[in-house]
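As written, the chain order gives the labels A, B, C and D, with residue 1 at the start of each chain.
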């Protein structure tokens, strides 16, 4: 079966033309956006424009260039704050989602989680929302409890409530969208349950923020981390949201310039939010680039992107399932990715063979080793989609898999 | 007195043409490179080229684009390692110097510094090499001891030996070049003294690495931090050097993807150096941009830049001293900057008035509050120089100060 | 000559009529701008619902000093309620620089912050 | 058809002659490539200075499996010294892919690592 005409709400051909790396002589079938997205021209040009016309160190300069850089940086913050429904004071620029989560573990976590306290995780967490809590638990004597999975890769329906009923839960740390299963977790429900039990909730939105609209107030979460490079932004920039009253009470993370109010020989006092959590010269370039990426996403429309992604994931799932022996992991309703295995080809071989046909997919455990143990496979092959992919890419993938099978048979 | 012909070893006019922001219609007299440097075209173009032709997530991808991004990232590391005389395994990419220093405080520091132990600092430290140690001292009960300053702004000659003789010193943390006084500290001597007393030494090279050749083996230091944006590189990237055997024994810093070997439910094991200290998706763009900056610096020549900077600092010092009542802080021999005060104009007013003539200088405490208390002034005005500045810039500054005086008289 | 350092500001800065102390003040307040090290103190003699006299002292840039002078000149002899009603835009209007940059805005507004601090608790 | 999956590799992967166990082996070693989850075990029957027989087991990609097969085919019946002298380039030559990418290089070299582990301590 070949492409049917699932009318996408996006003009993918026009979008592709905005992405230089996808517009080369040979058509690159880039199916690894869950690892990192490609960048549209306006974002790339914004970085150059920043350095060509606005670059200065921010916040402490009196001259106009420094004012302009500061304004650009703080406007970028305001853009990101609006994008997630937060206030600028609650919107902290970090390097990536990983740093955002570690920030919370090392400040709020270290101050509020003690021996015997419980941190709830899920079995589908990316290492970035797992190792920080393991490190904290080892340091403090806290316990980790995991929400298990249903056979189709959703969270066990009553597991969170049961763990919360056991008491002493201080934090629920969960991903919004699994980077392997594609599962979209019911964050608003989980927040309600966590808060009813007096716990806080942290959401890893690395795979959510690129794909659909997000509102920290509506979700009623306490912390949320996202990473710029997966949502058309540059590398080296991400955002941590924290509820203001929690951030206010938190000790600082890293010490240095910018996060300081007044320095003494033995002791110092901290700057206001959000700067209290931004030590040293910030990545202004990254922030303005990410704000440009947000504007690009908004100009295409987050709802339209979400609809496009849903269609493409469903189409990919149905096409892949036509392949004999292929196992696709995760639920029907899902984010824009499919991870799968074939009985007769190792994921690394498949990825290499697809690469020979200019199809880029990822093979491995995708930084989710616990989940792969749970699935009882050492590795999977993952195809992930974004606004520049279309059904033709899925068809090419399916053909490529057929070809790989021929080679390896 | 106007410009004499101090022959610079650099062709400043040609260099300026490489910097788009300095080549605008109105000549910008940018005298704030100690805060952040401007970027030459090859660096700006490298960022765009990375996203247009090479962008992928690194290390785990099998397809060629991921290989290429990984190769670019690791080549950038090798370039930086060579630049400072280190091995790639000892060369950790961080966001900025501040993060590098905090990394050491939170890992090596937390594991090796206890109650009653002594951390030696100097009175000229930037907050980034001060607050991390204050935070550590508060957490552990360690003591901070400060090396005082001579009237002309050098370290008290015997102070380090005296403090070391007092015993229990675990770490000497010092800046290489003061960002206010311009003082260049005798790092090799300090290393020798620290090591003889069984202490480790960390060097903040934020103001050194941009300006002269640096070799961690010859200096024999244990840790060294530099920051990319002050040396023609992009924002959001810096380097921490650590001696291999120390890094090997250190616990990790942030947890997440990339720094992991094998993950269990309760406990995990770490990746090899240097990746053990790089959690989450790295700033590949920043790393390749910084490597490009290093190539640019090397093509101009670090020795030539050092000679140019020395001449320019000496010229600025002599011209500024002609101004009645002006006090310039710091020693004769200095890095490429002069901080000063005028009896009748507040630094902020001076910076604003100079800005009206397109001269960008910095006014304030330059993230060195302790030092300003020591100098007994709340703020200074700082003019700092780099390879794109020349005597004409100094002359324009001196004229600008004269003009400001007229306005405010 | 200078767009920021208007005649008004230069005049207020160079020839302040309200610099000094009020030994028998009824209200006072001091604050600082830690980033630039500016310190400002105000002493007020409040008499019923009037600000009888007002003085400032401290050190700082021309903008913060001129702003203190102009504000005190405006409130001295006037109703406390008028002083309490002053806002950011009034200060910038007094200074004649509606377009001030954010970094210098802090300098301009320190005086207002200190004045409000001194009058804290008084009814409008 | 495929530049990486040469005839040699495909053949060694699809029809391994050395897959299996040696219940009376004298030497054995097992290792893994944690990033891709490949596990490889080798069992060797060393007799004096010769590798009498050699078998491998485990799971992994075609590159790592073919590499194990080709290496054991080369060392079986030969002097231990020859096996100990094998290096990275010999493996790539056996596989016929001198230009392998760094990511797949790890797969190719796992077999060599395990072989060296099994022979560890033996004299050349």
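One rule holds in what follows: contacts are C-beta pairs under 8 Å (C-beta built on N, C-alpha and C of every residue); 3 or more make two chains touch, one makes a residue touch a chain.
Since we're looking at a predicted model, the values are computed, not measured.
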Most distant chain from chain A by Cα centroid: C
Rounded Å distance between chain A and chain C, as computed from the means of their C-alpha atoms: 49
Geometric centre distance via CA averages, chain C-chain B, whole Å: 39
Gap in Å, rounded to a whole number, between the CA centres of chain D and chain C: 82
Multi-chain contact residues (two or more partners), chain B: 60-62, 64, 66, 262, 348, 352, 363-364
Two or more partner chains touched - positions in chain C: 35, 104
Pairwise chain contacts, counting only pairs that touch as defined: A-B, A-C, A-D, B-C, B-D
Chain A - residues contacting chain C, complex: 60-62, 64, 66-67, 70-71, 261-262
Of chain C, residues touching chain B in the complex: 1-5, 10, 13-14, 35-39, 59-63, 104, 107
Residues of chain C touching chain A in the complex: 34-35, 101-104
Of chain B, residues touching chain C in the complex: 346-349, 352-353, 356, 363-365, 372, 377-379, 407-408
Touching residues on chain B, where the partner in the complex is chain A: 20-21, 24, 28, 30, 32, 35-36, 38-39, 43-45, 47-48, 51-53, 55-57, 60-66, 95-99, 101-102, 105-106, 126-128, 130-132, 134-135, 137-138, 144, 146, 227, 229, 234-237, 252, 254-260, 262-268, 279-286, 348, 351-352, 354-355, 359-364, 366-367, 369-370
